[in-house]
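Below, each structure is written out as structure tokens.
Each of the two complexes below includes chain A, the first together with chain B, the second together with chain C.
Moving on to the complex of A and B:
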């Protein structure tokens, strides 16, 4: 186990910059998930850490050792791939032991013992003599995990390991991965495009876009206090509604003024500077609700689409020329074309700079926004 | 699969099949049957055919010359298969591993295969000719007396090298394609695990590309028995003293130099059966050892 530091790491492929000057520190024993859309550089970052790609610039440090130019095999990392990368002609047991035997650092008894342990942990004892072709997707991924486990590496690298599994199995394996981590405590970096996986598995979540780190935070803080418009829209499903507004001062209060609504913003940092200008108001679908009757704080919108989800009713609404989504109570009696009165949870409002997309205000008590994080990152 | 008949009209189907049938019958099946038939006759252009039963086969079995030719053939084919595949595997692996100039190396390796066998034979003749060969004097500085026009084992080796040189390109095409299909993540896993290059080639790549290798063993066996005819004809004419007299060349001489068509037919039947049995054996073995997925 060790901590890991990336300093100004940059990777170019034939002039295309995949990773742009990343700084990241991952503490010993952390489970860090890296999430972002396709092509955001998350897999490349992982491969740079593994040594499968060489950084164009910058430094990668494991513990106190600079590993930037070190061969993959000398970095003491184990990687689990999306397609499992099992040797198809070898039995599960051979797959697990092949690397250990090839490296030659382990005695036969040691290998035997390690395999037995890993097989017991992963519940694959009965599968050891089968070939990958005779195993299901979930079983294959367990074997691949077993192969990584027996090497007892300093760092686990996982590149979308659950993406090839069906939804049910994915949820089951997700829980098992979390259990494995709490058992072994090995520093783990887990790349995924699935925000649910990222949020449920990671102690810390790294959100990447366009080769840059957007934010590093705990899952809840990422959700509550997104630092950029990108993070706000990427985390959460359906995405946060983004409405262009003017920020106006009304006596001692500040208001977000849209074409058809005026929403009072609770006092907080950043409002004074924003007053008199334009901004993007961010409201999560669950922070909007259908009011029984119109009052001063509500505004009306027209329902365009209804999607019953069972535990809630997803409404697509329009007010003026702005469209947005909200989660209403299930069984709310509305249909497309209805006019509804909507209220907002004033504690859950966000403002983003219209130009840069950076967050300028979070209503949810700006109290903890400045709290320092255990995973340091400069954007 | 649909069992619907593509052609409602049998006549139309027959007409479309006709050209293929005619060519196959005329140039493949009829000669095969005729050769088997002829092998029971003493056939000659001048005196007509005389039925002799198994006489030709009896002659073959008791001919030390023929048995030697059989031995030379099997040895030659075995050396060709092993030699070609060993060289091609190394070359393919090197080409697979490098990142720059892949295409150039590939073209360079495939070039000899693009030559007609007769041309390849001639080229090699001039490269290694005992008196005027381009490489001959260099080889002789190593202390080897190059005289393969009269030295049997040397002739065998020279023809073998020529045959291997010519066939490596064909094998490399298939091997590099097969290696290219091995998932990148397997290579990366091996690299992360610290598996050495040789181990990676022999323990990971070779088993995975084994179906291609089986195919190549069979193609190379056929090449070893039949495809080297032109080179032998141009370089050694089966000599010296039968050292390179492989079955196909021996049978050609019997038929078209000594005009013993019956005897030559018997030889061709034996060759056909021998190679057929060999193929069968190779397929059986491959079922057991080649990895076809699953």
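Moving on to the complex of A and C:
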């Protein structure tokens, strides 16, 4: 186990910049998930850490050792791939031991013992003499995990290891991965494009876009205090609604003024500077609700689509020329074309700069943006 | 002609596959189509094999001059002809030379090509594609074109008239490198990356992963290489003077020269031809499955 530091890491492929100046510190024993859309540089970052790619610029440190130019085999990392990367002609046992034997650091008894241990943990004892072709996707991934486990590396690197599994198995394996990590406590970096995986598995989540880190935070803080519009829209499903508004001052209060609504914003940092200008108001679908009757704080919208999800009713609404989604109570009697009165949870509002997309205000008053910043730089 | 026939064949098969789904009329149509195809294919095969058949017939006769259809009846001298060619005229020696040469070339080529393909597919180095293109360019220079410089080089190295002269020049093969490269490219990159992370060295990876995963292709290219080497005529003829070192293809012409009366002993030549044909034929029959697999890879 060790901690890991990336300093100003940059990677270019034939003039295309895949990773732009990444600074990241991953503490010893952490489970860090890296999430972002395709092509955001998350896999490249992982491959840079593994040593499968050489950084164009910057430094990668494991513990106190600079490993920037070090060969993958000398970094003491183990990697699990999306397609499992099992050798098809070898049995599961041979797949697991092949790397260990090559490294030559282990005696035969040690290998035997490690394999037995890993097999017991992963529940693959009975599968060890089968070849990958005779295993199901989930079993193959377990064998691939076993191969990584027996190496007892400083850092685990996982590149979308669950993407090839079906939804049910994915959830099961997700729980098992979390269990494995709490058992072994090895520093783990886990790349995924699936935000649910990222939020449920990671102690810390790194959100990347366009080769840059957008935010590093705990899952809940990432959800509650997105630093940029990108993070706000990427984390959460359905995505946060983004409505262009004017920020107006009304006595001592500040209001977000849209074409058809005025929403009072609880006092907080950033409002004073934003007043008089334009901004993007971010509201999560669950922070909007259908009101029984219209009052001063509500506004009306027209329902365009209803999607019953069972535990809630997803409504797509329109007010003026702005469209947004909200989670209503299940069995709410509305149908497309209805006019509904909506209220917002004033504690769950966000404002983003309309040009840069950076967050300028979060209504949840207890914590301020600065706190998010400090967490970001220490992780 | 063969190419266009093949295209027609595959087109017809596809058509019949597409058509043969429902009605019995379509089934009948399919049967007629398939029958026509089979007749066509059989005719082509017959035309191709005809010279070989004639050679086989002539090898059973005493004189071996064919002037009429009646001369094509099998003769009664098969056994004595083959014995005379193999033992009396020492054709076994040429065949053995060819065999040793072919095996040496196959093994050497495999080693060189495997290493070359390994480097080209799994390593990053500057101008990699240019290097690969350069290897492919050597296909533009077949062995006969290189005869003069090759002859000088071989003799100056003191390898003239030796076993090395008929093996070493064949060891580098662009075709084999190309086929192996195509095959390696079809193996997921994550396999080699796992190996790199786990500290498995390149040679161990080659031996323990790539070779077992490429078994069929390796057998396929080995057969191709064997037949190619077995059929070499011009270069051994040029570089080998000693009869005891000569190969089967050149040995055939020596069989003809054994005719003492000044007439060409055609039955002897045909006997030798059939003998020369047997090893490649046996290999093709034995390994036809792997060969087909290899050719499909080449088409990718």
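One rule holds for everything that comes next: the second predicted complex is superposed on the first by the 368 of 379 C-alpha atoms of A that agree within 3 Å, B and C clash if a C-alpha of one lies under 4 Å from a C-alpha of the other, contacts with A are read in each partner's own complex, and residues count from 1 in each chain.
As a working rule, contacts are C-beta pairs under 8 Å (C-beta built on N, C-alpha and C of every residue); 3 or more make two chains touch, one makes a residue touch a chain.
Please read these numbers as outputs of a predicted model, since none were measured by experiment.
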- Task: Using the overlay on chain A, decide if chain B and chain C clash or can fit next to each other.
- Result: clash
- Message: Looking at A:133 after the superposition, I want to know if it touches chain B, chain C, both of them or none. Which is it: first, second, both, neither?
- Response: first
- Answer with first, second, both or neither: which of chain B and chain C does A:49 touch in the superposed model? neither
- Task: Report for A:98: first if it touches chain B alone, second if chain C alone, otherwise both or neither.
- Result: both
- Message: If we overlay the two complexes on their shared chain A, which of chain B and chain C does A:207 touch? Say first, second, both or neither.
- Response: neither
- Task: Answer with first, second, both or neither: which of chain B and chain C does A:151 touch in the superposed model?
- Result: both
- Return first, second, both or neither, reflecting whether A:87 touches chain B, chain C, both chains, or no partner chain. both
- Item | Contacts of A:301 with chain B and chain C, given as first, second, both or neither | neither
- Task: Determine where on chain A the residues touched by chain B overlap those touched by chain C, and list them.
- Result: 50-52, 71-74, 77-79, 81, 83, 85, 87-89, 98-100, 102-103, 147, 151
- Given the complex with chain B, which residues does chain A contribute to the contact? 50-52, 71-74, 77-79, 81, 83, 85, 87-89, 98-100, 102-103, 131, 133-134, 147, 151
- Message: List the residues on chain B that touch chain A in their complex, please.
- Response: 183, 185-186, 188-196, 199, 203-204, 207-208, 210, 291, 293-294
- Within their complex, chain C touches chain A through residues 188, 190-191, 193-201, 204, 208-209, 212-213
- Would you tell me which residues of chain A are touching chain C in their complex? 50-52, 71-75, 77-79, 81-83, 85, 87-89, 98-100, 102-103, 147, 151, 157
